[in-house]
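Reviewing the structure listed below.
So that you can tell them apart, the chains are marked A, B and C in the order they are listed, and the count of residues begins at 1 in each.
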Amino acid sequence: MSMTATTEGAAVRPRLRWGLPAYVVLVLVAMTLALVVPKTGYVLNISLQATTYAIAVLGLTIVLGLCGQINLAQAAFFGLGAYAVGIGQTEYGVNFWVCLLLGTCMAAGFGALLGASTLRLGGHYLAMVTISFQQIVTLVLINWIPVTKGPDGVRAIPRPGFLADGSTYLAFCIFMLALLGFLVWKLRDTRLGRAMRAVRDNELAAGVAGIDVYRTKVTAFALSAVLGGIGGALFAGGFSYVSPDQFSFAESVVFLTMVLLGGVASPIGAAIGTGLLILIPEWLRFLKSIPGLYLAIYGAAVILIVLFMPDGIWGFVRNQFDRFKRAAGSVLGGDTLQLSGGGTGSDMVMEVRGLSKHFGGLKAVDEVDLTIRRGGVHALIGPNGSGKTTTLNVLSGLYRATSGTIMLNGRDVTNLPPHARTAAGLGRTFQNIRLWRSMTALENVMVGAERPGNPVGGDSAALLARSRAALAFVGLEDRADEVVANFSYGHQRAVEIARALAGDPALLLLDEPGAGLNSSEKVELRDLLKRISARGLTILIIDHDMTLVSEVAQHITVLNFGRRIADGYSADVLKHPDVIAAYLGTAPDVAA
Amino acid sequence: MDLVLQLLFTGIGIGSVYALVALGFVLIFRATNVVNFAQGEFSMVAAFLMVVFSVKMGLPYWVAFIFALLGMACLGAVFNLAVYYPLRHRTYLPVIISTIGASIFMANTTLAVHGPEPEVLSGWFDTPGFMLGPVYLDNQYVLIIVVTALLVALQYWFFEHTLLGKKLQATSQDKEMASLLGIPVAVMIMITFIYSAVIGGIAGILVAPVLFVSIGMGATIALKAFAATIIGGFGDVTGAIIGGLALGVIETFGAAYVSVPYKDGFAFLVLIAFLIFRPQGIFGERVAEKA
Amino acid sequence: MLLTRRGFTTALTGAVAAPALIRSSFAQGATVKIGMVVPMTGAAAESGSFAQTGAKIALEQVNKAGGVLGKPLELVFEDDQTTNPGAVLAFSKLASQPEIVAFLGSIRSTQMHAMAPDMLKIGKPVGFGGTDPNLTKLGNPWLFRFRPNDSYSGKVIAQYGGKELGKKKWAIVHSTDAFGTAGAKALEDSLGDNGGTLALKQGYANQSQDFTPVVLAVRQSGADVLGTYFTFETDLGIFARQLRQLGVNIPWVGSPSIVNVSALKLAGPALYNTYGVADYAEDSSEASKAFGKAYREVRKVAPDNQSSWTFDAVTCLALAMNKAGSTEPEKVRQAMLAIRGHKGAEGEYNFDKNGDGLHGYNIVKNDKGEIKFDKRIDFTPNLG
């Protein structure tokens, strides 16, 4: 699903204790070099360009790398920041820092607006909208002469007094790059960063895990625009001249290529990519005797990089490096998982009245009533095509009900989107496992723990402890830091359940949890469900496996052709003649 | 009124150019779910090939035309093998980047080989145009409109009434199912790329007499054609045609009655409006991705 | 795929390291170097090659005549990629080579604006061709212009249309880029002095594919004379053809691009009988004819202003250095300012205190595709 598909081999993210001090030292050295080493105007210009561009490219690390959304208008955001600093200072005499702030806000505003209006669409459409925005910004910069000075551009843009010297300014830009790079690096492991990665890896699962997918995307887009704006503002101060052609579509493509070349997954990749793409065309100037040759080589290089280095240069290096790494031994917290079961409100966790879902003329779910009592396991069964999974999808909000009401813990959730239902206390797993494959088991579960409305609260230490406890509960705490793509099917299933448990839902929906498991894994699953139930969490399970259902469920509802044909205590329902007819009428192979 | 008719003709003419290039977009998109950002460069390369064969080597027009299209067929094949095929199992994103790289490569290789001078390529006609009542009709635009209509008809017939066309359609709708049915998917995709390079080439050769032959000729047209494709709806050939025509007319009238310098902006404003209010396009399918 | 991942990585490393090796292997010769920022790639790559030819012809002539201060002159080219940041980088790359004593800037005003701060910083004479009048009013003493600025082209177009052609109602069509906007304004401002009135002023964005709305607006305006400022030849070609097709045949006086070689090739008969202001006209003087002859020997086509200004700039810089007896920037600058009556390909150079060398334009006529010199209109400069 993601650009980083092949980093899945990277089992562990290096946690280096000396990492931060080394980083600080490195940055200080770079700043000192910028200040002390005498350099020609050319070197200074190149360095300033590289540093300020890299900040804008960091923005793409967020939107593309973390959140998986394309942005072909980064040069436009870069331009907004640059023009704010340019025009603000020269025309209106506004202070540099105020201009920088204004430019950044402008970029953020446009970024959020653009994102908000179009991020419901994905892929190519987003690509096209960002291109359109880019073109419109360019046209406005060229033609709105009274304000933008038109194609002449804005010249003699000052820098703040204490940064007037080129070298000092460069050192300052390096500092800003380092600081912002550090923040972006940190962002990856925050709640927001995990949410973005979850959206990137599997949007559907992200929504169901309680992430507001749309807001997450808009945030990523706005943050990316902010970094574009800051980069542009600093660029304007550095070059002291801005004109529309510096912020054209071609430059947006360059930004995108930079982040891909370096590697989308990490701010280090952004820095590497930017550095190389500014330097390579400069180095290739020796090819200048034939016009077009070096840009042709550049174009070919872009293709080759995409073909042979899908994770960019930094991703490539990391993969080599990670081969020799082993999981760092972490302290195991053990199984201390508490499940509140959604409190002790009414007796009914969920009440469904007259629920229907029609696809055109097809009545997939037809006037179904369903009452799930607090505590215990409730099973929803029926032959193939009886509407079980559709019912589950309507309950979790992936489908909108045609009619009927759904009450969860006494609250009407019929018209809420998936993430809001999760916030209201719903947890679920999928028949075909939907984990975020490039994230570790712990990260997957942490996103679950970060469910809005989780009684554990927002304290990160508590969330981490709860996530570890959830993994311990399913017996996988020792593999917490491994990327889930490498897990066996049964273990992936367990992680998915742990993810739902970590959010401490009021009701857990399990969509065919036994599908694809071998017999010993099924035994483990049965025990797991019993343990969950024993801790007080109500479960609604769909499964074909009548053995499993009859062993764990106290209460069974049977659907056939979208209608409820039986409902009651397990033993009674399984003897019901209609149920026997429905099953025998289809396939005898009930223990699929 | 004369003014309006004249503008309308121009709008439809320029719109047909967008539509013709958009045809190529739609074909590749339908077969591979990928937007080819180098589609405009196909037009540019074909126009330059035509200049080489017809002007520099002095071949008869139709011979040069056939040679140029053969060249485009080869280019389409190479393009598929180098730019798309190795990435077919990845997401749309690397493919977009790779086609952008290909577009930079093609434009600048042409620059390196030919040099930067724009070239003149004459059309099929000796006279530039004629008056129809108060409206001046440029022969080349008339030709473009006719050829676009013919190609659309041909394409419709091909997809609906030939076995190969149906196989191509099956491939575009469900690759796995198609390969289960014994359709050689790789060959179908190859054919699609070759065909769309040729279509792009025809577009380039047709517009060359009007817009001249220059390195940058493909890029702007392709961007507009892409917008037209979205306005019309990606899944649908008719949509792309209507989208292209609509864009051409909107642009021309916008320039005449609102603002000339912002002309290019109208296309993109219309596009954004469409994406917000009617993302499925005029005729297209829903955009929303499958759950 | 024959190319393996490892192979590609190695190749990339090699490609990255190679240029440094190649560059260091060049030895430093005892020459006087002039650095030149020139488009080799991008939209203006073609004009860039003309500009290089012009400069190279001057180089050859200077060296044949004994070079500069007894040493051969050498030109160092840097590609500006036809972009402003590209120009800034190209110039700073040249500026970082201390052995370069003078520079040739760009024919594009926006690029000159972009590079101007760096040019002030380096403090060495720069000859340039951008025609935005403001460029020599920046208070930058190192800039020397080798083409007449746009305030002159506007004046000349207005005067020719009004006095020579006797037309009053003007339609002005211009590119919305810096050059077009400034030129159109200069023309508009000069109309009153020549008894003209403005019927239409219409801007367009560069690289348009269609000009029908513009042409119709010209037709509707009832103008009896057309003045234009076009930047790109392809735009001019499309406009000219559509203008004729839609039946507009009023006299047309255009900015220099109208007589540019590519424009003539592209537009063909559509530009017959138009007038253009030309800083370079082959028949305008003996010096111009001589340059034309030299250029044709090299390029087989007629020269235009893209090459004539670089020819003049290299010649004048060499002249000034020889006169100053030194390559020291301030001395060369003084010698440049002292140039009087130098007969260049573009016209007679008399540098005023701002650094403007030329003060008038040629009017030429497109006679069935042949550019015929018609008249030279010069204004008296303030040489203070």
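Observations on the structure shown:
Criterion: a residue touches a chain if its C-beta (ideal position, glycine included) is under 8 Å from a C-beta of that chain, and two chains touch if they have at least 3 such contacts.
Everything quoted here is computed from the prediction, not taken from an experiment.
Distance from each chain's C-alpha mean to the overall C-alpha mean is smallest for B. For the interfaces B-C and A-C, the C-beta contact count is higher for A-C.
Work out the mean CA point of chain B and of chain C, and you get 36 Å between them. As a whole-number value, the distance joining the C-alpha centres of chain A and chain C reads 52 Å. Shared interface positions of chain B, defined as residues touching 2 or more other chains, are 86, 108, 111, 115-116, 261-262, 264. Among the residues of chain A, those in touch with two or more other chains are 139, 142-143, 291-292, 294-295, 301, 307. Residues of chain C in contact with two or more other chains: 1, 41, 45, 48-49, 176, 203, 205. If you check the complex, the residues on chain C that touch chain B are 1, 41, 43, 45-46, 48-49, 176, 202-205, 207-210, 212-214, 216-217, 220, 233-234, 237-238, 241, 245-247, 262, 265-266, 268. Considering their complex, residues 3, 6-7, 10, 14, 17, 86, 108, 111, 115-118, 120, 128-129, 136, 138, 210-212, 214, 216, 220-221, 251-252, 255-256, 260-264 of chain B touch chain C.
By the touch criterion stated above, chain B contacts chain A in their complex at residues 29, 35, 82-83, 86-87, 90-94, 96-98, 100-112, 115-116, 215, 223, 226-227, 230, 234, 261-262, 264-265, 268-269, 271-272, 275-276, 279, 287, 289, 291. Of all residues in chain A, those touching chain C in their complex are 40-46, 49, 139, 142-143, 145, 150-153, 155-156, 239-241, 243, 245-246, 276, 280, 282-286, 288, 291-292, 294-295, 301, 304, 307-309, 316.
On chain A, the positions that touch chain B within their shared complex are 1-3, 5, 64, 68, 70, 117-118, 120-125, 127-129, 131-133, 135-136, 139-140, 142-143, 203-204, 253, 256-257, 260, 290-296, 298-303, 306-307, 310, 393, 398.
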